[in-house]
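The following pair of complexes shares a single chain, subunit A, combined with subunit B in the former and subunit C in the latter.
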Partner chain A sequence: MSEATLPSQPIEVRFRGGGFAPKARRWVGLFVFVLLIGITEIGTRQGWISSLTLPKPSDVLATFGELWESGLLFKHLIPSLSRLAVGATLGASIGIVVGIMIGLFSYVRAGMVPLVAAIFPIPKIALLPLFVIWFGIDEASKYALIAFGTFTPTVVATYGAVDNVDRSLIRMGQSFGLSWLSIVRKIVLPGAMPGILSGLRISLAIAIILLVAAEMLGAEYGIGAYILEAGSLYDLERLFAGVVILSLLGVILSTVIGFIERRILGWRA
Partner chain B sequence: MDIRLDAISHSYGDTEVLRDISLDIPNGKIVCLVGPSGCGKSTLLRLIGGLERPSKGRVLQLGSPPEGCLNTLTYVFQDFALLPWRSVQGNISLVLEDHGIKGAQADAIITDVLARTKLSDFSKALPRQLSGGMKQRVAIARALAVKPAVMLMDEPLSALDSQTRELLMDDLVALWTRQSFTAAYVTHNLAEAVRLGHRIVVLSRRPGEIREIVEIDMPLADRSHGNAKLEQVQKHLWDMMRDEARAADEELLDV
Partner chain C sequence: MVTFNRRQTMGLIGAAAATSLAAPAIAQNKKIVVGALRFTSHSASFVAAERAYFQEAGLDVELRFFQAAQPMAVAIASGDVDYAVTAISGGLISLADKGAIKVIGGAVSEEPGIEGQKILASDAAFQAGLTSPAGLDGKKFGISTAGSSFHYMGSKVAEAEGINMSFTPLQKVGAIIGALKSGQIDAWSIVPHIAKPLAGSGAVHIIGNVSDYLPNYQVTTVFTSATNANDERQQTSDFLKAFSMGASDYNSAMIDKSGGEDGVNEMVDLIHKYVYTDLERAKAAPSIINGTMRINEGARMNIASVQNQLSWFQSEGLIDGDITLDTFVDTSYVETFEA
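== the complex of A and B ==
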């Protein structure tokens, strides 16, 4: 740069910091939903979205209303929820226990990590016939499928969380003569909690996905059965009503985990 | 209770870190270990407290620990090592719970050590709410709660800014003056060593050997900031270490 082009006026330093710090923006999420549904409603009413592409959101709502009034909603919802509760609880709790064992014992790690890696990529839906042979056509095979699907991501998240517990805290525990059990209970578990909970978010979403898969087989009632039936009849309103229920379920579970996180991980903030 | 190091040598694989260290830590005295970075002084402290096994030699306890002592050899760490999910009080009760001390008995101990470290008003606070200096005082309170025979302090003031360090040094002197404790104190800061050490052990660079042991018989309470005699000792220590420190700094790390 030559002397002549140097400006004589002082220039204010350009701001280039900030950003990369997510903040809570309360109503934006809701706004996005409302906007998308609003556009669909207008589009289907005016005809630039054909009724074969998407159903009218108001019709979906009406279908939902019928479901509610006829009492069919709970007839479908209750078996689904109980399958989800039993399967996910089973899978997540076994997953957490195995994950902690992998984190704590070298032999368990050496034995289980390759096994988990082998099981993880199997589409659990492909094993459905196998589960039917093993556990019968009724509820047990559905529980097993959901449990199996939640198990693997929970294991991976849990042992990762245990690995990430600050070793200096464990050395501290040892240096004060704490027993092995105390160290696990008072240092390792609370330290792994954030990772376990964020793993549960993923595992529970997978559980909902597998719920529908489980109900593909011999389920008379259930959200999955309802969706599949609507799908095979190309009844888009009912299909979407079912999908909305699953989405709501996902949002509710994620909110519940968020609530638990705020309660027991208040020390992080 | 005294601690005696009997011809300690230690290596990690082929790397010899400590060579033939023999040393006494007498009861009621603070022994400072100083040396250039990477000379194995923190390793030596881990050996003394039994967190690592020496390759050769033994660490001996002479005499019995004081009455009521729950954890003979107790560390104070550089990074404080407080559980972030427990309050100040909870962090101290952590080390009492395993000895079956709960309820009123635990409360009495906690109240006492918090008062001694001037933390009484903060018993319910979480570590993230505390400044670095306060966190280290909590860690010191936790160490005092188990009535240790020997405190093993691993650069306890090195993570703090120089003003806080100065204040905490005063606190440590006050604590020791009220009730003398035995300590092995690792530091790279010579000013800390001459303020707090009754005996200063200078280690050479890797493999760490004892180069010199300097005794300072001035009482801790009389050692003020900028004292001429201490400055002289500190200069002597630095003259001894300067070249080694430079050589250690230029060494490639491939451990």
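== the complex of A and C ==
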């Protein structure tokens, strides 16, 4: 038999663990951006990307510079930021409260979950004319639209997070004789916090998306109004300058949430 | 059942993408696409299509309908539509500046003696004393977007009256009507077939005519892609010829009433196939008749009015100040006049 003839040598086992763990690669993200913008710049300069297809990135930068110098940037940015702040705070805070209530009380859950599921898929933009009748053409309708849009994803993320709190921790709290309020305060809320914060990332991005929709009606100033005006004038430089501002807003908000996560969720480490 | 492996599927997707990309290019040789809105102001195209004027000119025309002028202009720039009629707007001029489109003729214009576009006031503002455009100082004027024809008209009225108004962008005509009815904006200007029924309901009031401020205002123009204007001269002049015949029929039936009451009815029947199709004939007819405005004979164009509009867009900083009339308009196709 062949088995008998083979001497029982120790087989060298290569280490096969490792990988599948994302590592920080600092400059790659920046490199991708620079590469794409570089290609666009060269293409638009040499003419194989027509001025109808994409604007020159350097022109977009120049437009941005003009915005800054003329002071128009803040004239547009401040109303937008205040709409975003008021609308998103309103929608997210009510959403978190409702979400926690759904997570804690079965009656609230039975009543609200179908309602939220019914509201979620409604395109809030389609309701815009109605919002104007309900809340008027001024700031209130813009706050309402953004609040309404951030409310539903926040609710869903929040009650999902409350549901995912480790039940064994709750049982342990009960067996140590903690009161209901103590359990909610010391176990449920901290346990749900990671899920709530990652839900906020999504709802705040939706708030930025809705900013443009909110400024469709009756807004003279605002980043959304600026983008819409540029679109209707087919002014690609201004359009892209506005879009870049929205992207930056998104990056900033995401960074802020990341910072909050590190502060509040320090216990995870 | 036919099954595909991954490679075949990718091949199919690629082939599908290639054919759909190639299709418009093939279509251009055989037939042309004319963009239109379902407005009476686009009647010249409808008449030319219904009475086979396009066919006689050797053009196989497909009418494609749009909800708004802006996407239609972009469709011309992308080559999906060959010819269309729309109001002059900042967006149209910007597209021309990028070498995508050219204005080649005139369509609807204001004419003294013919009821044209109306200036409307909301009921609340009217009751508070806004009974003529002179009282518009400090009021809110509804526009679709900055650089639209509404913006131009409002500005010109304000300029003539020596007053200041604020402009409220509301994107869509429906939203403007809603805001006007509920008194959230004070005034607006719009074509007669929308203005008159609104005024009839009592929710808004007509306080003036645009033609008092902008006599001979060249409201809409015929435009096409720069490629068509430069390289397809025969096709373009054929189109304009057929379009003019449609315009001429429309004017003589609806304005000069050469065919009498029967002529009007016949024209209304024709237009009703395209406009207000969701309303029955009896309800649609008054709106179609109310919407009557003269379409320039021979697609001639009031170049002075076009220049005035171009200068206004530039003075407002809505478009590049270096754009000249020549980049925007190709005057070689139709007769131009200054009024």
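Everything that follows uses one rule, which is that the second predicted complex is superposed on the first by the 250 of 269 C-alpha atoms of A that agree within 3 Å, B and C clash if a C-alpha of one lies under 4 Å from a C-alpha of the other, contacts with A are read in each partner's own complex, and residues count from 1 in each chain.
Going forward, a residue touches a chain if its C-beta (ideal position, glycine included) is under 8 Å from a C-beta of that chain, and two chains touch if they have at least 3 such contacts.
In this text, all values refer to a predicted model and were calculated from it rather than measured experimentally.
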Which partner does A:I137 contact after superposing on A: first (subunit B), second (subunit C), both, neither? second
For A:S182, decide between first (touching subunit B), second (touching subunit C), both and neither. first
Contacts for A:P123 in the overlay, against subunit B (first) and subunit C (second): which applies, first, second, both or neither? neither
Determine, under the contact definition given at the top, whether A:Q174 touches first (subunit B), second (subunit C), both, or neither. first
Let me test your reading of the model: by the given contact rule, A:M216 touches which partner, first (subunit B), second (subunit C), both or neither? second
Just to be sure I read the superposition right, which of the two partners does A:D235 touch: subunit B = first, subunit C = second, or both, or neither? second
I'd like to know which partner A:P190 touches here: subunit B for first, subunit C for second, both or neither. first
Share the list of subunit A residues that count as touching for subunit B in one structure and for subunit C in the other. none
Contacting residues of subunit B [partner subunit A, same complex]: 49, 51, 70-71, 73-75, 77, 79, 81, 83-86, 94-95, 97-98, 126, 128, 142, 146
What residues on subunit A touch subunit C, complex-wise? 50-52, 128-129, 132-133, 136-137, 216-220, 225, 228-229, 232-235
Could you pull out which subunit C residues touch subunit A in their complex? 70, 73-74, 77, 89-91, 94-95, 98-100, 144-148, 166-171, 174-175, 178-179, 182, 184-185, 318-319
List the residues on subunit A that touch subunit B in their complex, please. 168-169, 171-179, 182, 186-187, 190-191, 265, 267-269
